[in-house]
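These are the structures in question, set out in turn.
Two complexes, one shared chain (chain A), two partners (chain B, chain C).
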Partner chain A sequence: MKRVHRKNLRYHWKVYGFVLPALILIAVFAYYPAAAAIYYAFHLWDGHGPGVYVGLDNFRRAFADPVVHHGFTLVLILVIANLFKMIPSMVTAVVIHRLTSARWNYFYRAMFVIPMIIPQMVAILLWKFYYDPTFGVINALLENTGMLDGLVWVDQQLGWGVFRPGIRPAWLAQRELVIPSLIFWGFPWVGVVGVLIYLAGLANIGQDVYDAARVDGVGPFRLFLNVEFPLIMTQFRLNLILMVIFTLRNYELFLVVLGDGGGPGGGGMVPGLYMFRKAFVDQEAGYASTIGLLMFLLILVLTWINQKFVRVEK
Partner chain B sequence: MTKRYVSIIMLGTFLVLSSLHVARVTLQESDIQVGGRRIVRVAHSMSEPRTQAAFRELADEYEELHPGVRIRIQTIPPRAYEQWVTTQLMGEMAPDLVQILETSGHWANLAQTHMQSLTHHINQPNPYNKGTTLEAHPWRETFIDGMDGGYFLHLMDFYGVPLTLETTRLFYNRDLFLEATGSDQPPENFSEWMDICDQLHTYRDQRRRDEPRYHMFPIAGSADDDYIPHYFNPLTAGMMDKYDIGLWGLPNPMATLYGLHTETFTLRHPRIRLGFEALRDIASHFQPGFMNDQVEQRRMLFVQERAAMVLGNTQDLGYYQEICNFRVGVFNFPRIDASHPRYGEAYEGPPRERVAGTFSFGLTRTSRNADIALDFLRFTTARDRNAEFCSALDWFPAIKGAPLLNPDLEVFAPQEEGVGRYPVFYITGSTQLYVEQNLPLYLDGQMTFDSFMTGLENEWITEVPAEVDRLIRIWIRNQEQTEFNVSRSKARMLFAEAGPVEAELFPGGGTPYQMGLEIIELLDTGNVSRRFIWDALQRGDYTFPPPHHPSAIP
Partner chain C sequence: MKRFIKFIKEFPKHAFIWVVLFFALFPLYVTLAISFKDSQQFFNRPWVFTWPLHGYNWTNAWSEVGGTIFNSIFLCMVSTVLVIVLSILAAYFFGRFRMPGHNALWAAFMTLMMMPSVVNLVPLFSLLQSLDWLNTYSALIVVYTTAGQVISVFLLRGFVEDIPNDLFEASEVDGASHLQRILYIVTPMSMPIISTIAILRFVASWNEFILPLIILRDQAKFPVSVKLYQLEGAYIKDWGSLMAGYALAAIPLILLFIFSMRFFVKGLTSGALKG
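On to the complex of A and B.
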């Protein structure tokens, strides 16, 4: 790195001057809260007033806290489920990319961009409404197609005690149904951003590669497996990192859908939601900072593993 | 080159214009006098047209009485209201009067920092009650709730003036009742109520034979429903008295903790079991998953005739009567009494309702027409005005003796006499989380009483002592900080060269003598009797220690 001498500042001060406001804002709004969170992770602190230094007590407490254990286990389940939920985005991107008509290709790309303008909160509320036991689309669909009777029959054979005759399932209020409902959330799981990232990667594959594959008589599935997938591995890795970070950090969905208690039996209590509850309901901002710090460390480790072990063939 | 200058000139022009616009809006917002008339700004969150019209009418009457005054009313959408008020208060741009949503938590912080204490005003009579039986009564005593709705317990001061009283009752679809049960009359007691619910279930099942998609639930409930005290308290009242080691005389989690740790009390007590069974009886008539539903969802169920009954408060009366396509009735929670075959043995008496006014308004510290704003509050809470205002909205008046023009409101009269001191089965932290997560499962039949209470007792015994210890440690640290601030103010007062005393720091502050007395009082007795000092100081008969202080009792 080239060192900037003091005398050069005279010539570059304008450049530094332009950068300075952004740096100050980043320091104040990004680095200071992060540093403060690390500081308060070692304190008993109610969110206002001075804290009491407690050393590693908050960390010991977090490691012994069954709610934290449950939260990280739930996140693990969701990460695994989300891995499978990444497939539809990839398949959709490949199908759009292979469209021979430029007009239809453009149309589908546009169709995938439009949903981006719908606020996330609207989508969450819509899905919550789909799951409503009385007015929801899902129960109406199950009832009208007779699938609900089928579920009741299966339940009676297997003795689950979840689906009862004449009673519409409360998807987000029955302990056994909360996690499956959250996994089903967003069906058919075609993530807009994911599709666009894959499309960008697919666009970089040269036509000569496709021609060569065609000459070799490679079928559509082998083409994806042996040509396209390895060549969009960079995009897959990026999506994987984004998915892991999002799954670990996301709590807004759970807060809106299940409330700050994590729903029936605490089934939906992810670490982010528990952190929110500790900070803003229980007034334990110090402990909330500790949970936040643990989440940060986990994301860091997972990202490192991803970088290290998910290979990209150049 | 020319283009470059044009863009810079345009940018500069826009900057100047926008700055001017911001300045103009800012000045307008902070207007205290326009065209010779003094302006009082009032902000609230009730966006319904009826509320706005009733408020405007009240303001017009006041302006007619005081031609030199103009009342400007701003309505902020409920979801944004708290953030808006916070921003306005912090930016010192707040209206003179703002609606207070709560008397604790965030609002207590706002009140302490940005609002004026009304404690020393409330013991004076309200001049607008002249010619009525309330003429000679202190303003506070003219309120049904004794102005409790504006009292901030943790600050030991009054900051709000409530305009109405709010209680929860049951609304019902009279047409559906008639069709399903043969009568449109409400139930007289708990047994009758449960019978009606069973009849509604039967009616639904019969109707479903012809209309398979027909769905109707006897009661529409939500997570926010306030029915628990009406059934849990009468069956468990008084059972914690012997554990009330702090002599609070109120339901207190410490009594539960003490009982559990001395192993002299259990949450699986037969009376608590009965209380919870009564709750489950009721919950069995709610729609599935009701604990996950919000108020809007239960309202929708009722309005769309998917539920025969719904819980609602006083402010819902006008809404339901206006919007529903059926006859709406309202009744009080049917009581369990001593004659009930199952719950009667545990019955102690009717539940006492906490009577606290709502739709309270506080006076901001930045108000530059505080005298008028306060006078406007007196005007709105004069008996006749308050009755007019509330009757226009079908609300229950906050002032004693105000007539009820809508007879349906009578059922909302608060039940002040009754039993209390029930066991508190959770405290902020792990027990509260446990209850929030598992009570829905118990009420829905997904969990037994024994397994629910065993888990809860385990939380109390293993988690709560450490949580209380943490709370105390934080409290002590905060107290140290408070003591430090008090000492700093004391030093400023004693050493005049340090600068002028900040009169706003303490209620009744102003002269060093007054402040000195308050500081001594604060240090000696805590906050307990601070709010009683002002009047004695005004009369000049303040004695120290105050008569109710333990050291003054021989």
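On to the complex of A and C.
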């Protein structure tokens, strides 16, 4: 690493040229819009021309807006659900790592890369198809195993009024079913990238550790808690941050599956989708910026909590 | 006998992995099985392969999505190449020099890692509008590149820093210019991470959906993700052709992974993510 002092700058100023293109791009296409988003959050703005300064009106409106309340509650529910949905990837990575045969280990690793070839849009549309009331695999499975009758029976006992005999549930079109369907989405929740990241952390644990644990009579569950989990803590934290950001900002799924109205009764209206709708359907770009800013603040808080309470012990 | 005991012990792990793999690969099976059905076969037995196989679904699908696949390939290639070039240059700056202002500039990049781009979607759209870039690829390429380079500068810097200093001292003695050093030392030495970044960038751009949806007006310019969304939204669906279209959208990614599989399995799991 070459240290350049201020007084030598006139011989070395050219070096700045290497960072300049990247810097200009982030300044114009990342920082400028971010600053503009803060600016417009305090303005009444339809997305064209200058806005009208309205102070905190947009924020007051957002705090009183039932759709915003619903959206942020929903997104917190999804974050908590996704926390549990992180477990299968971890378990899968540990199981692959515990295989004694190196050849199988490599083979499974390769197999887990394959699902990455499925474009995200295709994955979303396929899951939407699984939930299809008439042709979907989920209803087919429930009908053929008799589980649908079971659901109808439970419904009759508890008086939900959701599952009725002889009618196939429309998972994504009935208000009560939308959220549970979206939480179940992607079963068994093994994220390919997640598995590969965990495997990278586990790679540090040699076979000798397992041999020692076996001699000491440590059971598989204790082994996970005391040996494997501490070692993948860094990866767990990385995945946790990625998951939180992903859950808050990715509304593609909701847009594709439920449309820009958030599905039946607006039940699936996450804040991101609401922002999208306000900006590009209702022409209220100022208010949309306010919602975006609130999302950003929530991400900041959650990231801070993550940094503070999920510690990595080296 | 010993082998048998070992088999019994290992069996539950294999069984577990196969169950997970079944779910992971099931979408591929469904797509393929349905893509060869006419509607009669689809209504009667949607979940298994049925004979005769109908190849015309694939030609139908190709006439719908073929052009958009090339659009996507173009967009992904250009933005990936730009990301790689720009981040090599920036990583050279951050990894080999301590210029005045180094820390502030680095912070400018790292802050963006935490800042989700979606939040500023609205002003970004209005900026692109005032540049008169709506309905153009320039808008998409520039935004993909901006979004992609942050993480790749971060990953590349680590690699560029680890290149032994002797190489650079020797090149300085020989009078090599900065560009020669980047071309003949930095780039070859960080090839593993460059390929990983390139693949991840390509896939990420392939999956972009919201931005092209709001930027592009011409159907002929759509990337494949937007086209599939539009086709699936049709009221009467021809499921066979639709599934064939899904499969076609994956083919470029399949080719990408076939060529890089061996390396990728190692790359992603070892050096690439050491943080």
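The rule we apply is simple: the second predicted complex is superposed on the first by the 296 of 314 C-alpha atoms of A that agree within 3 Å, B and C clash if a C-alpha of one lies under 4 Å from a C-alpha of the other, contacts with A are read in each partner's own complex, and residues count from 1 in each chain.
Methods note: a contact is a pair of C-beta atoms (placed from the backbone, for glycine too) under 8 Å apart; a residue touches a chain by one contact, two chains touch by 3 or more.
Values in this document were obtained by computation on a predicted structure and should not be read as measured data.
Novice: Give one word, clash or fit, describing how chain B and chain C relate on chain A after superposing.
Specialist: On the superposed model, which is not a single observed complex, chain B and chain C clash.
Novice: May I ask you to decide whether A:Gly51 touches chain B, chain C, both, or neither, giving the answer as first, second, both or neither?
Specialist: In the superposition, A:Gly51 contacts chain B only.
Novice: Does chain B (first) or chain C (second) touch A:Ala30, or do both, or does neither?
Specialist: A:Ala30 sits against chain C, while chain B stays out of touch.
Novice: Quick check for you: in the superposed arrangement, does A:Gly206 touch first (chain B), second (chain C), both or neither?
Specialist: After superposing on A, A:Gly206 lies clear of both chain B and chain C.
Novice: Which holds for A:Val67: it touches chain B only (first), chain C only (second), both, or neither?
Specialist: First partner only, chain B.
Novice: Once chain A of both complexes is superposed, is A:Gly159 in touch with chain B (first), chain C (second), both, or neither?
Specialist: In the superposition, A:Gly159 touches no partner, neither chain B nor chain C.
Novice: Check whether chain B or chain C contacts more residues of chain A in the superposed model.
Specialist: The partner that reaches more residues of chain A in the superposed model: C.
Novice: For A:Gly219, select first, second, both or neither according to whether it touches chain B, chain C, the two together, or no partner.
Specialist: Neither partner.
Novice: After lining up the shared chain so the two structures overlap, which partner does A:Gln174 touch, if you call chain B first and chain C second: first, second, both or neither?
Specialist: A:Gln174: touches chain B, not chain C.
Novice: Which segment, 44-52, 62-70 or 80-88, is the chain B region that clashes with chain C in the superposed model?
Specialist: The stretch that clashes with chain C is 80-88.
Novice: For chain A, which residues lie in the overlap of the chain B contacts and the chain C contacts?
Specialist: Of chain A, residues 48, 135 contact chain B in one complex and chain C in the other.
Novice: Inside the complex, what are the residues of chain B that reach chain A?
Specialist: Going by the criterion above, the answer is residues 109, 205, 213, 215, 223, 287-292, 297, 300-301, 306, 428-429, 432-433, 436-438, 440-441, 444, 446, 470, 473-474, 477-478, 480-481.
Novice: Which positions of chain C touch chain A when the two form their complex?
Specialist: Against chain A, chain C makes touches at 6, 10, 13-14, 16-17, 19-21, 23-25, 27-28, 30-31, 42, 46-47, 86-87, 89-90, 92-100, 105, 108-109, 112, 114-127, 129, 142-143, 145-147, 149-150, 153, 161, 165, 168, 178, 203, 206-207, 209-210, 214, 224-225, 228-229, 232, 239, 246, 249-250, 253-254, 256-257, 261, 264-265, 268-270, 272-275.
Novice: Within their complex, state which residues of chain A touch chain B.
Specialist: Chain A residues touching chain B: 44-46, 48-52, 67, 132-135, 143, 166-175, 258-259, 261-266, 269, 277, 281-284.
Novice: Quick one: which bits of chain A touch chain C in the complex? Just the residue numbers, please.
Specialist: On the chain A side, the touching residues are 1-6, 9, 12, 14-16, 18-19, 21-23, 25-26, 28-34, 36-37, 40, 47-48, 88, 92, 95-96, 98-101, 104, 106, 108-123, 125-126, 128-129, 135, 137, 140, 187-188, 190, 192-193, 196-197, 199-200, 203, 234-235, 238, 245, 248-252, 255-256, 272, 275-276, 279-280, 285, 288-289, 292-293, 295-296, 299-300, 303.
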